[in-house]
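Heads up, the next two complexes both have chain A, just with different partners, chain B and then chain C.
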Partner chain A sequence: MSDSNAVRLVRRLGPFLGLALVLVLFTALEPDRFPTAVNFRTVLTQTVIVGLGAVGMTFVVVSGGIDLSVGSSIALSTIVIARLLRDGASPAAAALAGVVAGGVVGVVNGTLITRLRIAPFIVTLGTLQIVRGTAKYLAGEQKIDAPASWLAGLMAKSPDPSWLIVAPGVWALILLAGFLAFVLRRSILGVHTYAIGSNESTAVLCGIKVDRTKVLIYGLSGLMTGLAGLMQFSRLTVGDPTAATGLELNIIAAVVIGGASLSGGVGGIAGSLVGALVMAFLANGCTLVGVPNYAQEILVGAIIVAVVAIDRSKRGT
Partner chain B sequence: MEGVEKSFGATRALSGVSLDVAPGDVHALIGENGAGKSTLMKILAGVLTPDAGRMSLFGSPYRPTGPLDARRRGVAMIHQELTLAPHLDVEANLTLGTETTTFGFVRRAGRRAAIRDVLTRLRLADLPFDTPVGTLSTAVRQLLEIARALLSGARVVIMDEPTSSLGRRDVERLFDIVRELAASGCGIIYISHFMDELREVATRFTVLRDGASVGTGTLDAVDDDALIRLMAGGAPTTGTRAPSVRGTPLLVLDGLEGHPRPTEASLVLHRGEILGITGLVGAGRTELLRAVFGLDPVVSGSVTLAGIGFSADEGPDARWDRGMGFVSEDRKHEGLMLDLPLSVNLTLSRLEPVSRAGFVDGKKLDAASREWIDRLGIRAAGSNVAVGSLSGGNQQKVAIARLLHHDVDVLLLDEPTRGIDVRSKAAVWDLLRSLANAGRGILVVGSHLPEMLAHCDRIAVMNRGRLGEARDASTVTAHELLTEAVSVAESRHE
Partner chain C sequence: MRLGTILAVLALLLAACGDSKSPSKRVIAVIPKGTTHEFWKSIHAGALKAAAESGVDIAWKGPPKEDDRDEQIKVVEDSVTRRVAAIVLAPLDEAALATPVAEAAKDKIPVVVIDSDLKGDAHASFVATDNEKGGAMAAERLGTLLGGKGRVLMLRYQVGSASTEKRERGFLAGIAKFPGITMVSDNQYAGATAEAAYAAAENLLQRFPELDGIFCPNESATFGMLRALTSVGRNGKVKFVGFDASAKLAEALKTGDIHGLVLQNPFRMGYLGVKTALDVLDGKLVERRIDTGVAMATPDNMTTPDIAELLNPKLPENVR
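This part shows the complex of A and B:
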């Protein structure tokens, strides 16, 4: 047990080593097309939606929970934004409403989990369907066109103004991830999140208001999902009730590749972001090299299993 | 069994135990909590292997390689915690692991006659085979455990506190069955704390103390007093310390009732006092502390701290807020977060003093942790190490330090010295005494009577959910406390 600090270091650095490996590999295979500013800008932009979701999901997973409803929730956000824009709301108001919609779904998840004492997996499996259905109902089962607005620029690969270098969405991800990493590591809410995930009985015994904290965690995660929905809308420029189907699994995969444990108590924002980047660069590099899509999927699946297996062996359990 | 020994690391659990059971004999095994009864039974049932000593069964050497082997050779254990699968029906449970199959499919018809026969012996002739076991009462489930043992051809049956969760009528039915089993040639080892029960059903006895067998004989030839003296050992010991100055009442329990335990608990804990609660495992001591701390619901009665009561919807957070802290006996699953740093474990109930504007200040956190690491002599490489990497004694100090960091007035401690070495034990008791001297009130649950007598000011005994009167530790003897713990409460005879 004396090497627990060393184990921790490896665990924290592991995802970064994985990312470095992916970057070196594809740079060697495609030296002309892979390591270019344009390509990196593209990949970063493609990481934004999964990245924002993964930042929120990290809180949930560290607390020992899971949220399967985020894909549906992203679609709901795009619908809310598109409908409000169509009805003449200002882009800022529509964007805010889209983010809040995600937050509401999160609070509902948290409330159901704590009040009904049902496992998060089951509750969010239910809300996955309910939210998707709600999005389709609000959209009348079809895509909603919205008038052009500056929201589309959030995910532009060539940002305006150009001194931003990368899309505003990328900056939003970087700034929020930095802030929330600090919150998770250092705030009282963050410490309570780790405590609940590590040993809920102890958290109760120590007088932590576990139920209230969980609702906060799911609500916070929901806001991040709503923001991911805003970015999804920006990319599509329409409200799409079928958008982001199955994306929750990519988000959870990013968090797991980033070193978090689905049994709670372990994980971090930086790791989850790196997990999202690994998946994005892998997809991008494979496409450039000409690896067919089916092979990419098999590869990502194998990586998820391998990462967790390596993590297990490091812990010696 | 002859001269059986077993050690766990440096702890010697058994140091020379001898025991013999004849067919048709019901043999009582008696001893205080921690005397080594469970270890002995696990060795018999093949769960543990002995370090030394010999065992024989029907004249041939008996060295079971595992529980399955023990069962195959005719030794069956009826566990305290029942081991049936609640969702499966009666028949499936009884044949689990020994099913007869055709091409991999269970053939049910084959053993029904045998099952019916066994159930009839246990007076369960009317029980339908397809009843899910989860819907049956505890008493019936326990009989099914016995049925399973009989079906597998058990000749030696070990029963560990079989009456602990039974009502009086079920107890009598069980006794009849035990006597019948013995009459049919089984040897039975019967573990219980209750003298009247043992006298009703058993013929011979063996007393264990501190891992050794210290007496054996026929129950009719000895009285309860002699047995208790054997269990407690040596001359009657009383507390040696002078009574300390008792301050104002701090914590008052009035007719506290939980579900299912405690049934009735009243006490007054004063400032400056260490009040001990002892009793048998399962008497409801832990449940009492949990109810006081708001972890389990209170059915009736009241908990009053410094003159103000707690309402039913107030939980542990309200207890902490008003200066009451709790150290669980289960460090691993409830007391500590083993994979989180020592510093977080220590400060979790009260992060405000080490925080600024909702964010934990790393320097303050480290300083607060180091203060307690130094003051309590916790051996740790730093405040940032995972608490799971510390030794048991140091983990326990961290759990207690949490209460000190929180600066509570009332400390509820459940078995605070269990599983830690002798020097750590002394350090923990010294710490508790200095806290009491500083005006705090300490309520401590413990099993080891000499230890409790040496360190508590007053001691109360819990017996089947009822808390007895607290008595001065300088005048009460271990013998008296033990008598109170094993005596039969009035409620048993209603």
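This part shows the complex of A and C:
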């Protein structure tokens, strides 16, 4: 793949054009209700969970892997938090444990992939079920009510204190995305991630510790998933073992719309975030316009294919 | 160029799919737990009838993923930013939906809760079946059929499902009034699907070869039990009372394999949900709790117009 600067520019702008398209479209259809501060604040909050997941997933996809277990992992994390809160743990400790639970799932994924030499798709297809089952077991096959705590405020659309303007969860997403974008572009870990995704055997020849890096990547992605689980708990205020079923597909879609290639080596955090925003604005806009669910599903599917097709045709590959 | 074309096509598609709403009419958002079950279609039909009578529009939108709490929260939030006049909601979770409903109420958008209850007092009214009464009715029917004596089992639905737990409680309280009846089992769960219910029912029937009566608290459990009874040839021999209707269950009622079905009235729930929301908007005082009624369908009364309509609701064309 030979990249001229122009082509690279277009590719990086591709997802942004997609987002602009969606914004223009719904502004034209619902000029009074869609482009309002309240609505944008709502959509930003709705983007946080998929956004956090997509930031982590970007590392995995760029390294040439995939993680199908993130939806289950989010549910597990809400259960861990709710159980600890119910048993009297402090909110901060419960939140931390929820995030760590996600990280543990990630490390397990990475370890299985590297030790057993099984494709990430298969391993995480397995852990998707295992983690979902574990969540249901820990929850006693029902949702867990937790006592009210400040964790619910993390995703409040009208934040307290009000100078935050958007929910603390949105800030968490912005700051972490900024930091991890830097890690992916500038740090050794990031460079190795791209190298492994572009050509794993070359990466090995260059002396990159591929296995250790992969475990790190899945662990990092798992921590982001755990954080997404914390935000999911904040929204639901209960631990729900059936939460986020199938959400991994929305997260992967966000990453792909954002310009990442599932064959690895290509992708970026900013693109993935924009992909998550495209999905969120689509769902929001469809509700505002009154599009029935079946039409919305067809539309979202068509847009995923269309955006990627445009992206590829511009690249001339 | 290409972007322009896509934009135009999308706009056209969306405009075609969107509500054909006249801007002057008030819009009531009706938000079910899912959109593909018969039950919700009846609610939709009821809501549409109320809307047509009162000259308002209905925005019917469930969570795109069936039974997904977070997606239902999003639909409530988006309805608020859409500035609908009122919301009629069947909450997927009594706790998780309380926050968005409180926010809607704060934004002066009244919320009427239907089908399943919600925590807190932000909603204007709760319009639903009296499930405990439904369970008690089933006990009354089964007790009478058995002449007040015999061995009875109840296959529960699922842990944590509030509405069916109330039915189960009502049934147990009702059956206790028949001293000659022994409950041989009331601690088994059918699970979420008819398939799981089938397996659980098979095991129970295996365990209790001598049985006089059975109660199941919802449609999937009733159907699973019916299949299990038929597969071992004990259908019709055991007195069997179920809850909710479907084409298959109505058929079994006709052939005498089921002896009673407690029926809710989802059409009325949708109708009264919208009507109550309109009353709130008009500043009228509404009841905190509105009962939409339950009826007992038996092989004898199943052809009477009222029961036949509940058993097999004729849905209008515009409800898909």
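Assume the second predicted complex is superposed on the first by the 314 of 317 C-alpha atoms of A that agree within 3 Å, B and C clash if a C-alpha of one lies under 4 Å from a C-alpha of the other, contacts with A are read in each partner's own complex, and residues count from 1 in each chain.
What we mean here is this: a residue touches a chain if its C-beta (ideal position, glycine included) is under 8 Å from a C-beta of that chain, and two chains touch if they have at least 3 such contacts.
Predicted model only: the values in this text are computed from it and were never measured.
With both complexes brought onto chain A, simultaneous placement of chain B and chain C is permitted, the two fitting side by side without a clash. By the touch criterion stated above, A:A283 is placed in contact with chain C alone, chain B being left untouched. Legend: residue contacts after superposition of the two complexes on their common chain; A:G140 is shown touching chain C, with no touch to chain B. Look at A:I130: by the touch rule set out above, it reaches neither chain B nor chain C.
In the superposed pair of complexes, A:K209 makes contact with chain B only, with no contact to chain C. By the touch criterion defined above, A:S187 lies against chain B but remains apart from chain C after alignment on the C-alpha atoms of chain A.
Rounded to the nearest 10, the angle made at the CA centre of chain A by the CA centres of chain B and chain C in the overlaid structures is 130 degrees. In the superposition on chain A, A:V107 makes contact with neither chain B nor chain C. In the superposition on chain A, A:E297 contacts chain C only, with no contact to chain B.
When both complexes are overlaid on chain A, the residue A:V266 reaches chain B alone and has no touch with chain C.
The partner that reaches more residues of chain A, of the two candidates chain B and chain C, is C. Following the chain A superposition, chain B and chain C show a smallest Cα-Cα distance of 27 angstrom.
Common to the chain B and chain C contact sets on chain A is no residue at all. Those residues of chain A that touch chain C in the complex are listed here as 17, 21, 24-25, 28-30, 33, 36, 38-39, 42, 46, 49, 140-143, 145, 152, 157-158, 232, 235-238, 240, 242-246, 283-293, 295-297, 299, 306, 310.
Of all residues in chain C, those touching chain A in their complex are 2-3, 6-7, 10-11, 13-15, 17-19, 21, 35, 59-62, 64-65, 67-70, 73-75, 77-83, 93, 95-96, 98-99, 103, 159-160, 320. Partner chain A is touched in their complex by these residues of chain B: 293, 295, 315-321, 326, 328, 333-340, 344, 348-349, 351-352, 355, 358-360, 362, 384-386, 388-389, 402.
Those residues of chain A lying in contact with chain B across their complex are 1-2, 4-5, 182-183, 186-192, 194-195, 198-199, 201-209, 265-266.
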